[in-house]
Each structure stands twice: as structure tokens, then as C-alpha cells.
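In what follows, structures are represented as C-alpha cells.
Next come two complexes built around chain A: one with chain B, the other with chain C.
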Partner chain A sequence: MSVYPHTLPAGRGRGRRSSLRSWRWRDRIVYLLAWLSGLSLCLIAAAIVLYLLVRGIQYVSPSLILTRPTAGIGQNQIGGILDPLLGTLLLVALGTAIATPIGVCSAVWIVEYGRGRLGRRLARVVESSIEIVAGTPDIVIAILALALFQVGALSFLSFTASGGGVYGRSFLTAGAAVALLAIPPVFLATRDGLEALPGHQREGAFALGKTRIATIRRVLLPGIRPNIATGVTLGMGRIVGDTAIVFLLLGVGAAERIEPQGGVPGLGILRGTGSTLTSYIYSNSPAGEGNAPQKAYAAAFVLLAMVLALNAIAGFVSRRGSAGGMSLGDRVRLGGWS
Partner chain B sequence: MLERLRHPWSDRRAELVLGAAACSVGLAILLMVVFVARGAWPTFAHNGLAWLGSGGNPETQIGNMLHTGPHPVAAAYHLRAWPLIYGTLLSTGLALLLGLPFALLSAIFLVEFAPRAVQRLLTPVVRLLAAVPSVIYGLLGVLVLAPFVGNHVISPAQKRSVEYVVQLDGTGLAVAVIVLALMIVPIMVALIADALAAVPAAWREGAVALGVNPLRATLAVSLRAIRPAIAAAAAFACARAVGEAVMIAMVSGENAFAPKPWDGVVFLFEPMLTLAASIFRNADSLSAPAIRSSLDAFALLLLLAAFALSLGSYLVKLPLRRHHAGARP
Partner chain C sequence: MAAARNSLAAEHGAHEIPPVKRIVLDRAPTAVPPPALDGDRAPRRRPATAGPERLRLEGVSVRYGAKAAVNDVSLSVHQGEVLALIGPSGCGKTTLLRTLNRLTELTPSAVRGGSILLDGHDVHELADTELRARVSMVFQQPNPFPMSIFDNVAFALREQSRKRPRRQQIEPHVIDALRRAGLYDEVREDLNRPALRLSGGQQQRLCIARAIALQPEVLLMDEPCSALDPRSTETIEQLIGELRRDLAVVIVTHNLQQAHRVADRVAFMYLGDLVEHGEVEQVFREPRAPRTRDYVRGVFG
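This part shows the complex of A and B:
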């Protein structure tokens, strides 16, 4: 099946080539430019992937991935990327664990409940506030979240300096902030999936005497599982690729190790600071503090591989969704770089 | 505890729980905006409207705030943000100018002219380009593109012509704009291609039947029909570009210098900084109250800009929605 099935049959094949001769010069030039720009997009993508692949093969090794970073001078002394890699995985897990229930619950409430005068009005407010979150730059979300988590009452969530200053920096606070990046895709995918379900599924369940919530849990949600999975995967992609929130809420500069806070083992890591692949790349680029391009390239290769894998998974699951696959525009709008 | 959750919920209780989850996002955002607006107040109060004006280098001014203590005096808040605002407008505007024609041509190619095999290749390519994290774009910009521009594009004479003001090493406006354009093009291609594919095929077929060639038919009929969608795509891309922090912080030359158009071609190679990139660069000195207040003000400004652009993109699409709603049987 073609991606854009309606295109004109006259626009392709031998018919087009023979008619191209009768076109005016200006039209031929525009036509040529359209081809050129389409192909150059392919070339640019291929160049980015191949360049990072070559660099990755050059610099990535099992020992690099399995050693912890150490403070040092020069590219040979600063160790591997184990901590950033684990940091990325932990942050993705935390972010999706927070975002998925909120996104799914909001979508279910808006589509299945949210009735009555007040309910409808509230539903519109919730919908537009999620749209606003989707359009807010991540650096702004970072500053907003920092303002919230530096309030004294929330200090138990994060790293606290010896003087008692609340920095608002920890895996927990960063996880809550990146959850805001993942909520819009989860919400919109779930909402569109629910709206695309045929009405007789609900009516059949109601006719059997099921309550609304039982219908949702036993009939509707299982039916839109692929849609939810698509939204979650796109949200994961946004979290993996985010730098600004990590930089402001997890740790600035060369603090590249996962540093637990307090005595409790599991909670200590969640309350502690650390780094992710994105912040590692930034701090090892010429713009950051440590100038170690080889390490930055290696981390960038691992990061790109993760993003490509998530991208492929999203494409694979979205085809099974009830809305018949997400359109290119929706995919890019929800899952693009942040 | 778990046993109680396993019991079937009453509808009333489920509605309340789900509704509370839905409203929590809106409430959290509201709370955050209130905190940031409160944090931004001192810098606006001490600078007045001159805050938006020009005068000096805002990066230096923020640097001066670093050691002003926990209770800074009014003079410590001195900041003139115009170079950053100008940098934001300039980089976004130029990237849009560069990216929009490219995106339009690519979208037309993708939907109307690409053979099926190329179409199948180009769709994942657009998705991929849109999914590459900005820090990777920044890394390639600063390690590949900037040295190339610095060594081969900028002539020694050009470097000498401004050396008493800024050093040109390749990082600067031109590289930032090129990478930014590359980042917003896939978004615009995807949104415009969706709109093009939604134009009823009969409209264009009608034009072709009248003897217009397929390209002219696309330009005159389809493109004209989706003008609101193009504007909305541009507004959405603008919102992304305005908020881009990491990539700009990496490739723009780390200097809040306002590029001067009257410098001629050198203008393109001069360093600059945007509001978002300035927040990112100064994030490690947030503990100084004066810096905190200034960065809160930048964030508030960006939030307003993103909100205005979202609203604009919604409003320009309204006529299109009405049309589609009317066309539906």
C-alpha cells in the first residue's frame, strides 16, 4: 500500500515522462528542485547515520560501555559511559512510570466521562493544557519544574546541600519533569484510539450489564493497547533525547557518576544526582567542560541507536492501532526532538 | 489494600479518580507558572521596561550577578535583554526563511511526484530526521560543520576585519541557522505532507483534466487550498525553533553578541545567543538570586512566545477545520 494512495496516476510512469517535454522551463526547474530537495533529505539522513556509525565503530567497545566514568584529564583517562547509560534507562523508566497512568487516565476521563456542563468545560481545560504542555520548549519545562521542586515542602524529593539549600536536583524530580514531555503523546494516542473504537463495543458491554468502568477496563483498554504502546514509545523517545531538563534537574557539569543521597539503598539513588547520555554528550563536546570528542561520539552513537530502535518500535506497533496507524504529521509532532 | 483495589469500582468513584488525574496536569502547570512569574518579578521591577531594551552584553551582565549575595541590592539586577531577544528572532526567522521553501518542495515531492519506492524510503527518513535528539545535531554542528566553516568559508581578511570586537572560529549565526533549519524542516515536511494528502483528489484531477500540468495543478489548487495548514506548520516549527536551547548553546559561539547586518557577509559568521540557550548556559549558577530571577524572566518570555505561537497555529487552522467539517457528509 502506498503511503499517500490518492496521488494522480498521471503523475508517474511513462505518461509523465512524455508530458514533461511539453512543460514550460520554469515548471521543469521547479519539478527538478522538488526532486532535489526530496533526495537531499535522504542524503542528509544517510550522512548523519553513516557518520555516527563510522565514529561509533571507531570508539565504542564493550569495555567503554561497562566502565564507570572517572574524573580525569584527556580522553584516555575519563573512563566509560556506564553511569550515563544507566541514568538514561532509569530516567526513561521513571518518566514513563509517571506519565503513562496520568496520560491514559486523562484520556479515558475525557472521552468516556467528562459529561455535564462542568465536566465538559473541565475537559476542554484539561485538553488545552495538555496541548500547551506539548508546545512548551523543554528548557522552559525545566525552569518551571525547578521552581516547583525548590519549594521547601518538596525538598525530601531531592539533593539537599549541607547548608540546607534545596537544589531540586534528583532522579525523582527530573523524572517528574520529563514525564511532562511524555504525557502529551500518551494522552493523544489514547484519546484518538478511544475515539476510533466503534460504538457498538461499548453498547454491547453495557447491554450485558457491565458498568462504565468495567467496560473501560475489560473491553476498551485491551482494544487500544497498541495505541497506548505507540504513545508510550513516542514519549520514551522524547525522554531519551532530552537534554535541557536533565541538565537543570539531574546534574550540571562534570558530575557524571550516579551519586546516591542518604542511606536507603534504592531510594538513595532516586533522590541522588547523576547524568544521562545526552548530558554526557554535551559536557564532553567542545561546548561543555570536558573536551573529549571521542567519548561524545561514542555516547552519541549509543543514543542514536536507542532513538532509532524506539522509532522502529513505534512504527511497528502503531500499525496495529485502532485508528489505523498514526499519520506522519502526528508522529513527528508528538515524537520529534524536544 | 490490594484486595480492595480488585473489587469492582463504582462508576462514581472511577470518574472522580480519573478526573483528578486529568486535572492534576493542568494544576501542576498553573502552579509552576505562578512560581516562575513570582521569581521573575524582581528583575522586571528593578529594570522596568528598559529590561527589553539594548545596552551592553547580557551574558556579561548575568556574570556580574554571580557574586551579589543572597539579598542583592536593586542595582545588582541590571539587565538589558535585547541582544538575546534579537538573537532568538534572528535565528528563528532566518531558519524559517531557509527551511520553508525546502520543506514545501520536499512535501510536494513526497506526496505528488515521488515514485512509490522513493516514497517508502522518504517517509521513514523524515521520521528519523525529526527524531534525532538536538544534542546530536549540536555535536555534529560543533565538531563537523563549524570547523569546516571556520577553516574554509571565512576568509582571513574577514576574520581580521572584526578581530578587535569578536573572534570568528566558525561557530556563529550561520551554523546555528543551518542546523536549526535542518531540525525544523522534517517537522514542516510532515505537517504539510499530511495536509496535501488530505486535499480531495477530485480538485486536482479537475485542474489536470482542464489541461494544466500536474505541477501547476499542485501549486494552483492543492497548495492554495492548504495555505492555513502551511501557516500552522510554520508557526509550530517556529515554536520549536524559539525554544531550542542545547543545539544553539553548542554551535552559536557562546557570546551574546548581536550580529550587525551592516557588517556585510561577516554578519553571518558573528556569534550570537538566544534566550533559551542563555538559560541553558547559565543553569549552573542558578543559586544566585539575581541570576535566578533573570532566567525565570527568560523562561516566562519563552512560555508566552510558545503559547502565542500555539494559539496562532490553532487560529489559522480554524477556517480549514470548518471547511473539512462542512465537506464531511
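This part shows the complex of A and C:
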């Protein structure tokens, strides 16, 4: 035992730890369980990825991705997944475009404006409403949205039959419904980011004679950009993976094709019906009508790749912006937001 | 203790005293202090006459809910001088400081009495944004915004106008503010660096640059050096001495030596009351109130 650090014998980086033998039984069991459950989660994740890699990648080819799907018996041989792929991208874009401003603005309102006795009470109501939305199964959201969009006044959003019957099915209506899935993650990530911002940053801006709105726009929101990006990416992940809303509101046809509605090119697609990768997987799986499991595997592989890419982006964005050591990104990414 | 050292020395052999790490003296320290502003650190020359009165407090009281924080304080602050608010923790110094630019209004329970006049006009009549641009503030914790060095200062300058002024238009003002805060020479190579990459002392000087970019009449400082190392503290103290030529400075400090070094006048607060205020030498050497004497005794041992 020397007083001077430089006379210490060159040793290993860490000191000796207490041996497992001296632990109590209960602690040993919990220790073991912690290791086991962690490892088994790794195994499950690896199994999913590997299985889809093995089953899916052999059917994935440029031609599959670039050709449009076809209906019919011969589906095993012909047709690709271009339309479902584009449908997924379009739906994600629509849902995110609707959900991001709503989620961010409501979080800003809750944290920065929901003050005073009435404001705080209202803020709590808003928060629990969003929690309810977050906890609602997507099939419930789907039937509600279907009921809403079949109202005649909203017929301009969707496909209308020749007899005047409103189907309520289109990219627009489905996009509005999937936005509900994406709002909670965006909202929660933004709210937590704003609440975690040190108060002196707000005061610093106020002390320069800045208005509240200028403070929010120029200081607070830029400061939590990584949080917002994480929330948005997580919301995208939820939209990508959704099936029930797609089935009820996108009007998936047998061919899984995007069917524009009306003459205007861009708007026609938005008002028209279509499909996504999830609906494609379902209808081509042995459970669906198509019975083309190879295609389902290929599509599943593409879908998984998209989700993994989104997660990677979320991780990258939250790490890059975390000068202040924000752990929120990690928490949100692991799904601990609800 | 001595015995232990002896036995150690015996263990290692008397001549094996551990070497002392040598510090390279011919190399400049990594945190370069800005070029000396006044050079001397001896008691500063006092300004011949204090400038015009900027702030006048008449019977100012603040309470949070039922709890009184500041009782009936009357003071005046003149241009060209540094007023230090001293006193033990929780005696209302910071509250009083934050009342001067109405930052206390951010706390819903705070209620203010009395009147504060800025150049003869009640600060309550002014819009809070205008008041805070004229009475700007530096905080205890350096709080640069998460943007570039340039934008930190530019943010202060950009008015709430419809059209954002372009970079070329405000660049000279930004550089001037950085220069006055003694930071420009250290950051001139890359003004687009994120401000959060700067060291603590540099961040605080950036905050000062931000605050003085607005050309305020009064600069409030809430323990600006308490989060900083001695070298940065010295730099900022020099800076305060320099800045007071153009504006009135009110500084809250726990550090009596610092108050003695930087202040021209000192106000001693205790439990929300203004016990005594006057010239710095008078308050420190011949305090009138016994309470003040007890508190400042630490300064001269």
C-alpha cells in the first residue's frame, strides 16, 4: 500500500470485485435472471433478423422491387412489390406530415403555455387524452376513422362509388388515421425534451428581451431537435408497421396496386386507394388469398430493413445532438415512452 | 503524520523522494486570458464622478406567496459604477436583482411592491421585452444557446422584425460585442463553432457579449463567476472594470473579496432587508451596522 500513485504496481484496470459466492441466494438468482433475460432478448432479435434474412433475401431482387404487383393465380411467378413499397413510403410521409406539427405544437403548449390554474388543468386533460390515443389499438382507431370519413361531407377525401356511396378509403384518410399513431411518440419526446431543458436557457432568452414565442422558436425548439427527430422516427416506425388501419382505410384491392382516383395526377393518388408492405405481406402469406409466401418473406425483409434503418437514424440523430447528454433518445427508442 | 512519512521515507530509501511533476513554463497556457485590459490589479482608480443615475429603487418589496423575500429596499444605481449586492444565502440578493428586469414575473407567486425607475420611468410602464433589452442580465451558470457563437450574439441583436436582418448587417455589431467581452481574439477563427464547445469561462464571456450587444444601460450579473475557475474569474473581473465605463453594473456575489475587487459601492442585505450601503471602502473598513461588521470581518481577517 503506497501513498504515491506512481509507485503502484502496474495492474489491471479494475480492482477486485466481490465474488458471486459471497452473495445472498436471492441476489444470485436475480443476477442470473438479469443475464438470462438480456441474452434471450438478443437471441430473439437475432433469430428474427436471421430468419427473415435467410428466407427473404433469396427472393429479393431489383426486378421484384421495381415491378408492380399483379392479381391472379399466377402471382407466384409474376409481379413485384413496387406499389406496396411506394404505398408505405407515401403513408409514412403523409402520417408524419400530419403528426409532427400537431405533436410538437401540443407539447409546446403544454410545457410553455399551459400555466395558471385553468391552463394546468387543461394541460393535464390534453396529456391524458394523448395517453388514451397512445393506448388505443389501431383497429379501434381504424373503425372510428372509417365511420368518420364515410360521412358525406368528407367525401372529397376519398374514393366515391358511382352511386354516391362514400367509401372513406384513400391515402388521405389512412394517412390521417395513422397520424394518430405517430402523435404520441412525437408529443412525448418533445414534451420530455422541453421539460429537461435547463430553466436558465429560457431565462437567458427572456433576459435578452425576447418574447416567449421567439424563445420557443429560436432557442428551445432548436435545442431539442434531436428529441423531436427521435420522436418522429419512432412515429414513422409505428406507421410503417401498422396493418389494421391500412386494411380498413386504404382500400386494399386484390392486386395490391395504387389506384388513383380522379383526373388530377398527384391528388388522384392521394384520394385513391392503395396498399402497403404490411397489407401485401398479409395477403400473400399462406393465411391470405395470394398464397405466395416467398413474396411475403421478401416484402417482410424489405419492411424489416426499413424499420431497422429508421431505428438507426433515430439513434444517430439523438446521439449526434446529445451535447448535453440526453438519455431521452435511448429511452424513446426502446419504446419506454408510453 | 510525521512518523508515517518517516517510515515511508525509510521504506523507499531516504533519497528516493517521489519526483515532482514539472510544469512547462515556457509554453502558453491553453486558456489564454485576453490581453490585459488595465494591466494593474492594484486597487483601481475610482472614477472621478459617478455618471447619471440610471436605476432608482424606492421601497421595493418582493414576496413569494406569503413569504417575504425583499423588504422595502431603496437604492440608486449610477452609470459608470459597479454596485455589489452582498449578504448570506437566501437574503434576497438574487430576487432583488431579478426584480430589476422583471424576471421575477416568470414566477407566478411573486408579488412586487414599491417602484423601480429606469431613467425616471417606472419599469412597469415599459414592455418587458424593451426593459430587458435595456437592463440585460448575465446568469450564474453560463447559459449559451445551443447554436453557433455568432448566432448567440446575433440572436440578441435580431429584433422581432418581419424581416430578419442579414448576416452582413449585424456582423460588425456581433464582432464589436465579442471584442468588448474580451472573447473575440480567442474565437475569431471560427465564429460558426457551436457555443457549447467553448470552455466555461469562454461561455460566460459569450453570455456577457450577448448581454452587452444590446447596448444596455444597466447590466445585471448574478454571481457571474461562481461556476468558473480563478483564471476565468480574473478575466471577467477585469472585464467588469472595463465595462462599467459605459453602463451601470449591478452584481450579486457571495465572494467578499470579489466584491471588494470589482465594486465601487456595496449594498449589504440580510434576511431581505437592506442593512447598509455605501462606498466599498467605507462598508468594508468602517461598517456602520454591527451586522455588516460581522459579515465583512472575513475580508480583512
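FYI, the second predicted complex is superposed on the first by the 272 of 338 C-alpha atoms of A that agree within 3 Å, B and C clash if a C-alpha of one lies under 4 Å from a C-alpha of the other, contacts with A are read in each partner's own complex, and residues count from 1 in each chain.
Heads up, the rule we're going with is that contacts are C-beta pairs under 8 Å (C-beta built on N, C-alpha and C of every residue); 3 or more make two chains touch, one makes a residue touch a chain.
On a predicted model such as this, the values are computed, not experimentally measured, just so you know.
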- Thinking of the overlay built on chain A, is A:201 touched by chain B (first), by chain C (second), by both, or by neither? second
- Scan A:130 for contacts with chain B and chain C and give back first, second, both or neither. first
- Task: Could you look at A:222 and tell me whether it touches chain B, chain C, both or neither (first, second, both, neither)?
- Result: second
- Query: Touching A:35 in the superposition: chain B (first), chain C (second), both, neither?
  - Reply: first
- Hey, is it chain B or chain C that touches more of chain A? B
- Message: Applying the document's definition of touch, where does A:211 land relative to chain B and chain C: first, second, both, or neither?
- Response: both
- Task: With the two complexes superposed on chain A, say which partner A:45 touches: chain B (first), chain C (second), both, or neither.
- Result: first
- Contacts of A:316 with chain B and chain C, given as first, second, both or neither: neither
- Task: Residue by residue on chain A, keep only those touching chain B in one complex and chain C in the other, then list them.
- Result: 3-4, 6-7, 211, 214
- Message: Quick check on the complex: what are the chain C residues that touch chain A?
- Response: 8, 12, 18, 101, 103, 106, 108, 128-134, 136-137, 139-141, 143-147, 155-156, 160, 194, 196, 207, 210-211, 214, 220
- In their shared complex, chain C is touched by residues of chain A numbered 3-4, 6-7, 115-116, 198, 200-201, 203-211, 214, 218-219, 222-223, 323-324
- Message: Touching residues of chain A toward chain B in the complex: what are they?
- Response: 2-4, 6-8, 10-12, 16, 19, 22-23, 27, 30-31, 33-39, 41-42, 44-45, 48-49, 51-52, 101-102, 105-106, 108-110, 113-114, 119, 122-123, 125-126, 129-133, 135-140, 142-148, 151, 165, 167, 180, 183, 211-214, 216, 237, 240-244, 247-248, 252-253, 278, 281-282, 285-287, 293, 296-297, 300, 303-304, 307-308, 310-311, 315, 327-333, 335-338
- Would you pull the chain B residues touching chain A in the complex into a rising list? 8-11, 14-15, 17-19, 21-26, 28-29, 31-33, 35-36, 39, 102, 105-106, 108-116, 118-140, 142-144, 182-183, 185-187, 189-191, 193-197, 201, 204-205, 208, 213-216, 219, 236, 239-240, 242-246, 249-251, 254, 276, 279-280, 283-284, 286-287, 295-296, 299, 302-303, 306-307, 309-310
